[in-house]
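Once you've had a glance at the structure underneath, I'll fire off some questions.
Letters are used for the chains, namely A, B, C and D, taken in the order the chains are written, and counting of residues starts over at 1 for each.
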Amino acid sequence: MSSTLRVTIWNENRHEQIHPEVQKIYPNGMHTVIAQFLQEAGMQTQTATFDQPEHGLTDATLAETDVLTWWGHMLHKDVDDRIVDRVQKRVLEGMGLVVLHSGHESKIFKRMMGTTCDLKWREAAEKERLWVATPGHPIVEGIGPYIEIPHAEMYGEPFDIPTPDELILISWFQGGEVFRSGCTYRRGRGKIFYFRPGHETYPIYYHPDVQRVITNGVRWAAPEVGATIPAERLHGVPLEPIPGDTASA
Amino acid sequence: MSSTLRVTIWNENRHEQIHPEVQKIYPNGMHTVIAQFLQEAGMQTQTATFDQPEHGLTDATLAETDVLTWWGHMLHKDVDDRIVDRVQKRVLEGMGLVVLHSGHESKIFKRMMGTTCDLKWREAAEKERLWVATPGHPIVEGIGPYIEIPHAEMYGEPFDIPTPDELILISWFQGGEVFRSGCTYRRGRGKIFYFRPGHETYPIYYHPDVQRVITNGVRWAAPEVGATIPAERLHGVPLEPIPGDTASA
Amino acid sequence: MSSTLRVTIWNENRHEQIHPEVQKIYPNGMHTVIAQFLQEAGMQTQTATFDQPEHGLTDATLAETDVLTWWGHMLHKDVDDRIVDRVQKRVLEGMGLVVLHSGHESKIFKRMMGTTCDLKWREAAEKERLWVATPGHPIVEGIGPYIEIPHAEMYGEPFDIPTPDELILISWFQGGEVFRSGCTYRRGRGKIFYFRPGHETYPIYYHPDVQRVITNGVRWAAPEVGATIPAERLHGVPLEPIPGDTASA
Amino acid sequence: MSSTLRVTIWNENRHEQIHPEVQKIYPNGMHTVIAQFLQEAGMQTQTATFDQPEHGLTDATLAETDVLTWWGHMLHKDVDDRIVDRVQKRVLEGMGLVVLHSGHESKIFKRMMGTTCDLKWREAAEKERLWVATPGHPIVEGIGPYIEIPHAEMYGEPFDIPTPDELILISWFQGGEVFRSGCTYRRGRGKIFYFRPGHETYPIYYHPDVQRVITNGVRWAAPEVGATIPAERLHGVPLEPIPGDTASA
């Protein structure tokens, strides 16, 4: 782990190219906006997008990534399975993963969860209010009792995920639904944070509290050192005598 | 465990005596309404109230109780600590505990949780919608995607409880808040279900879906047999030889 | 859910064909031994093996299966991904899954967990003692404080799995290791139980306590009814008025 | 939270006064040994013992404590309930709590857990090996696959605690038992770490790996900032209009 956190911001970056209303909000892609506020928080960032060779996620890039953020929507099914394998391997080795909004249906998130990650949804430019359920958690540092987003896409329960290790934020929607909007998981040596806000047709990644939670979430997901377990895992050698076993101590 | 589930319905039963608007809704106390629908579901019920000797929770009563339901509000602080000790002991031995509404602040619930169990609240006769977050769970058998209550007191996050083992229901409130309204815990050999609805000034315990969830919750909390661990726990006797230890096998 | 539990016992069934010492212990395959004691417990059983068309796990078979048990070892990588997809889908819909011993490395278990499911191991015919960590749990009904197996393969920590919902049994090994040997998970509407014992070269599936835990585990994993969530999930229709939204209530 | 971590080491300090064999190992009390290695790790320490007024845990002392460590055994029942209330309140506000060895039966640990915290035990100077179950966790930073202690008191399962949020270490004992030796919990805004080693008749707090885990555990339990929830919790004021409610927005 380097002293400066190294973050790779992955974005499908397709809506920005084909939908004028998205282009207007994010003329250089959502990834550049996310990269900028993470840089301003002192992190070292690089971006990667679907259209790059290997989706921009080469072995070399991942090897130098402490935390990967993921935004995707239209092209989930077109993401190369070999890249998904590679990202999963790195997460299990300790790389943090922050999954944003429609990334809930990405191959990588479903791979890490083992479930469909399906949910209810509606696009009606309605008000969302994300309530803090775990006030002492570092992911909500600097946030008040709730975050309010004036116009958002709705995601509703049931959200088909394993019970989160920690449930950080729960959303209220004007149209009548609720949603587990901030969820943490530990998988292997890696930490995963799912954070709901971020629809492409609203300027949600410019919202100061949304930026703050993503920044906190990236910091929280940073690799931790942990124990030194040798690769060969001490296979074969008993530590205590086993009657009749010739390899025993 | 008897084949017929034996349920004791505990009620503080004070609002019903001193507040005419509550008396009107529950002329014989909330406990009689709860007892009736549990009986109709095939359970054997008895009631116990604050004013009875030992609050109606004698050793004999608890010994014959498979599941205890708890409603209290005004008199939490006046509940005898020795009775709380007794109930806690029985829960840890395997008796189920279903805590209703304002019971979140009861001594017994705070005792089992270790936290303040504090929450935000408001009384404004607003709409509540409880969403199912764990569709496959037996506590929500027979329920649709949500339960709607036209007029309810509001409880909001943060709710100061340990992370529930399972989060079954999440409430949406018209005034803008959310709440973890159905939570399960295992403590010792006992199972605990907290269920939010039930304010005394609304006829909530007559609502068919509320009755259904309480009925399911009581069934879910029923004692399970488990393993036979002898009381003396095999103290002192090693199962394997310990060099230099004279008591060893 | 039928009143009689319908269990499909899946077995790779290759060691039994090519290793004389395994053939001697399980002349008709491990699956027939498992099927027999589940039948004696009142369940309706069928078996399925790797060599059958579609590995014996056709859509029709899975549709009539309440709980699937899984034993595999040599041929994990050769299991058809389409069959794994099919089993995962059924688990998420509510079918129980009981994964036995070396099944920890099966595609289906790794799929449900999202991790490598890797562990330390050794084959030295050593003593194993499985301690009950959750005495009130129905999976250990009828078991004492521990189960002792005179000769077992060793599995040791770290076991690369998500934190189990419940940790039922922890193994002690004569050679000096420990292992989380009984773990439960809820994924989608399905329940999963991993149970460690069962190496092919020892007569472990004849052990009465091992049979008892598997029987209990299959009963525990049986589908539960839960809530009725319509397939279309109410997409699109707000339940409350949203200013400016024409589809709103 | 100060930049230098402020740790208060609480010790019953009675065995050290009345048992010569303990006095020989810890002539100035276990607390001084623990304080010293935490100081060497850069922390600011103070000690507090049972015999001091208010057990050394005045409001002023606790207000300046980031993390409290707790060792007790003979005098659990004599600890003043008002001091236990005070410590519990501070933990729920965010002070970390590291409970050592026989502290499992302390009033404060049982208060935070809600269970008996009972366990099996034996004193036979046997070998203990603590295996890392969560290799990526910061509490085991710098530790190998296991910690070996040549002579220890045995603690065995079942350990009557709520399911830990994270299970960090599992012990193997020479005499045949296992134990969940490193467990984490979040309660309110506070973090709790239970760590098993530490019997008074063995020089366990001089063991480098034991010192390392306690040091890591204290760092892990340090307060986190989290969200700013006003004390009054916004009671009473709805954020959205409620038809018929005069206080509504």
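Quick note on the criterion: a contact is a pair of C-beta atoms (placed from the backbone, for glycine too) under 8 Å apart; a residue touches a chain by one contact, two chains touch by 3 or more.
For clarity, every value in this text was computed on a predicted model and none was experimentally measured.
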Other chains in touch with both chain B and chain C: A, D
Relative to chain B, chain with the most remote C-alpha centre: A
Between chain D and chain C, distance of the C-alpha-averaged centres to the nearest whole Å: 36
Approximate Å spacing (C-alpha centroids) for the pair chain A, chain C: 29
Rounded Å distance, chain A centre to chain D centre (Cα mean): 32
Chain B: positions in contact with at least two other chains: 129, 132, 134-135, 145, 156, 158, 163, 165-166, 174, 176-177, 186, 188, 229, 233-234, 239-240
Complex interface listing, chain D residues touching chain A: 94, 129, 132, 134-138, 140-145, 165-166, 174, 186, 188-190, 223-230, 233-234, 239-240
Sites on chain C touched by chain D in the complex: 129, 131-135, 145, 156-159, 163, 165-167, 170-173, 176-178, 180
Chain B - residues contacting chain D, complex: 88, 92, 111-116, 118-122, 124-127, 154, 156, 158, 160, 162-163, 165, 174-177, 185-188, 229, 233-240, 242, 244-245, 247-248
